[in-house]
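First up is the structure itself, then whatever we jot down about it.
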Amino acid sequence: MSRTRAARLNRKMDRLKMLEKEGLLKSREGSRAVGKFLQNKLAVVGLIVFALILLSSIFAPLITKYDPAMIDLRSRLSPPSREHLFGTDKLGRDVFARVLYGGRISILVGFGGALGAALVGVSLGTYAGYKGGWLDKILLRVSEIFMSFPQIILVLLLVSILGQSLWNLLVIFTITGWGSVYRMTRSQMLSIREEEYVQALKAFGLSDGLIAYKHMLPNALGPIMVNLTLSTAMFILEETALSFLGLGVPLQIPTWGNILNAAQDLTILQEAWWIWVPVGLVISAFVLSINFIGDGLRDAVDPTQQG
Amino acid sequence: MVYVDTILTVDNLHINFYTNNRCNEAVKGVSFQLKKGRTLCLVGESGCGKSVSASAIMRLLPPLSRIEEGRIIYHTDQGDIHLHELDPSGPEIRAIRGAEIAMIFQDPMTALNPVYTVGFQIREAFMYHAKMAKAAMQAKAVELLRAMRIPAPEQRVNEYIHQYSGGMRQRAMIAMAMACNPKILIADEPTTALDVTVQAQIFDLMNDLQQKHNAAILLITHDMGVVAELAHDVVVMYMGVAVENGPVEDVLTRPAHPYTSALLRSIPVLGQSKAQKLEPIRGSTPDPFNRPQGCQFHPRCDFATEQCLQEPETFSVSPNHTVRCWHYEKVLANA
Amino acid sequence: MLTYTLRKLLMLIPMLLVITFLIFVGLELTPGDAVSYMVGPEAMANMSQERLDELREALGLNDPFIVRYLRWLGRALRGDFGYSLTSGVPIKDIVFSRLPATLELSLAALLISTLLGSILGMVSALRKGSILDVSLTVAGMIGVSIPQFFFALVSILIFSFKLGWLPSGGRTMPGYTTFLDRLPHLILPALVLGITMTAGVMRYSRSSMLDALSKDYIKTARSKGLPEWRVNLLHGFRVALTPVVVLVGFRLPMLIGGSVVVEQIFQWPGIGKEFVAAVRGQNLPLVMMIALFSVTAVLVASFLVDLLTALLDPRIRLE
């Protein structure tokens, strides 16, 4: 340990000791989880950025006067100006408006995909994890098969079978994402199953479904919520990657990925940075904010990670 | 008043923990002297600071903790070493660890590294304290295992800890601790994880070692039976305070602190199961962040008065027997 | 160790059977003539309708489903995967001609991310709570949040177009013969793929290292008087390494997935780029076969990871 680090540690200890002597450190009142989350600076920053981007997407018409689909061939490829904050694209569409409106679809797809995967994964995992037996064995094998595909390969495979559309993308994300949620929920249930109150409920003769969904599931919700947040981030990234390749949401619908698709053109990549750099930064900031939130949640709900 | 045969003095030790942004006074006033060829037992319930005190001697406290006050002095033939002043990761304390003072832990399964052979881990103990060729170290490791009565040591030395049985694991750990013939052996609940029959073997072994090498043993335990069996001296701890300190015959037969006497009355004695009336100690251990004022034991004590809100002084019952209680005379009279 | 290997190997087979079966079902559901991807397109063009019907009967296309599946599987095992719909080239040839490029890129990225990730993670854990640790953690979070293709585009813009240091795409140039000639082409895609993967490895090795450092045997090692470096490296890092190896193994699917996008952007002539082209061109037989190929690669890789962890951890090896 270096001397400065030791000194810093010593000062921190002195401060704590003084505060403790004066009785200023009391056991925290209220929900430990909420307090812990709010204490995490990064999580709070994440929450603010997240809300900012989400709300400006939802209230896009109030923020910009432009229609994201309006083609204006007189002002093509104009750089950012007071008129067009992020400039215009090859067809003269306002990029700022496209980013705002695009956020609606991208966030919807990301969150919808995560929600779909969570619904399937949690409902199967809760029951199978509690009951065990052949149902669990089969589902475990099936999820293993799904998870042994590289995610994007499986997604693209399904895209080429089902075809490109917004709804298909949600279905595909559900199909590719449920496996990991299933395994996580299942392992949670396996450990909760060993707790005594479950034995007691069983002895009361409650039905399996009631025990699993009403009494056990709420105790597994923390990690499930964390998983939901983190997989939302993952699916947003996946949507943008697919759309960037031209294989996600159909190109006429503005999404973050579809806006970036223009950067496949080398001249745009080199000369019209405003079309793709701002939206790339917005995606990064949004996903980062979700990851910060997810991380904060994880620390808040995980009692083993104190300190 | 340091005796000639005293090898380690712990004087008024205070240790605070600073985890979770709180300050916990884990040890607040522990003093004792360790003597050559004798065994001192630190007893108390879990969380009373006995393990922390032992770790402090080796300067193996976790990062967010600190020795606040007090002294730990190691008496050598070349003079005294003030252990509490050393850099916890510096070369001076490293030269003492393993060579002069060695430690064995509660659960050998977790205290020994699962990915290295037992032989490798014993060799490591020599590596920084003796200049030896690898073959010599290996031979010495085999010899140590044999001395610990581990069968087929030539073969066992190349095995991993999970291949050993419970009792053998702890013996392997003792072999490792004894590698450099330390002057002091600190044993932190060494038999808690073991069967009773195996316990006896381990204690036998420790006794042998003590007699052979004249080592001082600091034994940490919560088991009064173990104390009666092995200890020469006892220090009873409660909530970070050493409440009673003395030779084992005195402390066990004439307990002067209400906690010690309550502790003795709460445990069954073999062969008296029917006649004996067990009295559990009433109340429960306080929250370390919400400590009682003054004597830590007074909320659970039958002798408590106004005076107990003051920190008790240390009184001498007999020359070697001290107690921290305002009412020790009443306690003695009551027995 | 031998029984462990055999057991793991035996568990692979049913998985592969189910996956090949699913792929076969996918192929059967493909619109279009099944004959078209079994017979080369040149031969097809010269055939009459009756001849085609005969062929169908002769090829056993009218046989029960399961018989057709087994026959298809048999051919696949002998290396006959049918033909690409668009180019008429045997799929096997396509896959094997693209494989070296993908392997080269993947291994380079794997090397970068494993080395960088495990070392940074270890340092971060050893300095837990320090400014270095916090910045590395935040940098890692940013790393997993930036879309990989955006990172790739920005790095092309900077290092190829603005600075002109490295080529923006492709794997080689006419006249390049040695690996060193081609190396500049590899640097940018490998770094992009490697760095985006580093974040995950770093995060994991940090928590694995913290876990190892909290173990009792760390205290035992210190109590023997070992110097800090030995405690941290031999007792901490060595134990923390096993889960990291497992993670890197589980990352292989991500690596193959990641290389799809990166290969596309850098015009790297690998399997990923071929795959995107196949999806775009609705070339389903090729899509299916590349998917099958990548799953097989993942399963084989995870088998190898199992063996490696067994070698690293005597508790598994000696069971």
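In order of appearance the chains are A, B and C, and numbering begins at 1 in each one.
Criterion: a residue touches a chain if its C-beta (ideal position, glycine included) is under 8 Å from a C-beta of that chain, and two chains touch if they have at least 3 such contacts.
In this text, all values refer to a predicted model and were calculated from it rather than measured experimentally.
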{"item": "Best-connected chain pair, where connection means C-beta pairs in contact", "value": "A-C"}
{"item": "Identity of the chain that, by mean CA position, is farthest from subunit A", "value": "B"}
{"item": "Subunit A and subunit B: spacing of chain centres that average the CA atoms, whole Å", "value": "50"}
{"item": "Gap in Å, rounded to a whole number, between the CA centres of subunit C and subunit A", "value": "24"}
{"item": "Residues of subunit B engaged with two or more neighbouring chains", "value": "89"}
{"item": "Subunit A partner contacts - residues on subunit C that touch it in the complex", "value": "15, 18-19, 22, 26, 29, 130, 138, 141-142, 144-150, 153-154, 156-157, 161, 168, 253-258, 260-261, 264, 275-276, 278-280, 282, 284, 287-288, 290-291, 294-295, 298-299, 302"}
{"item": "Subunit C partner contacts - residues on subunit B that touch it in the complex", "value": "55, 58, 60, 89, 94-99, 102-103, 105, 107, 110-115, 124-125, 127-129, 160, 162-163, 173, 176"}
{"item": "Complex contacts: residues of subunit C adjacent to subunit B", "value": "215-217, 219-228, 230, 235, 238-239, 242, 312-315, 318"}
{"item": "Partner subunit A, residues of subunit B touching it in the complex", "value": "16, 18-23, 63-64, 66, 68, 89, 289-290"}
{"item": "Complex contacts: residues of subunit A adjacent to subunit C", "value": "5, 42, 141, 144-145, 147-154, 156-157, 159-161, 233, 237, 240-241, 244-247, 260, 263, 266, 269-270, 273, 276-277, 280, 283-284, 287-288, 290-292, 295"}
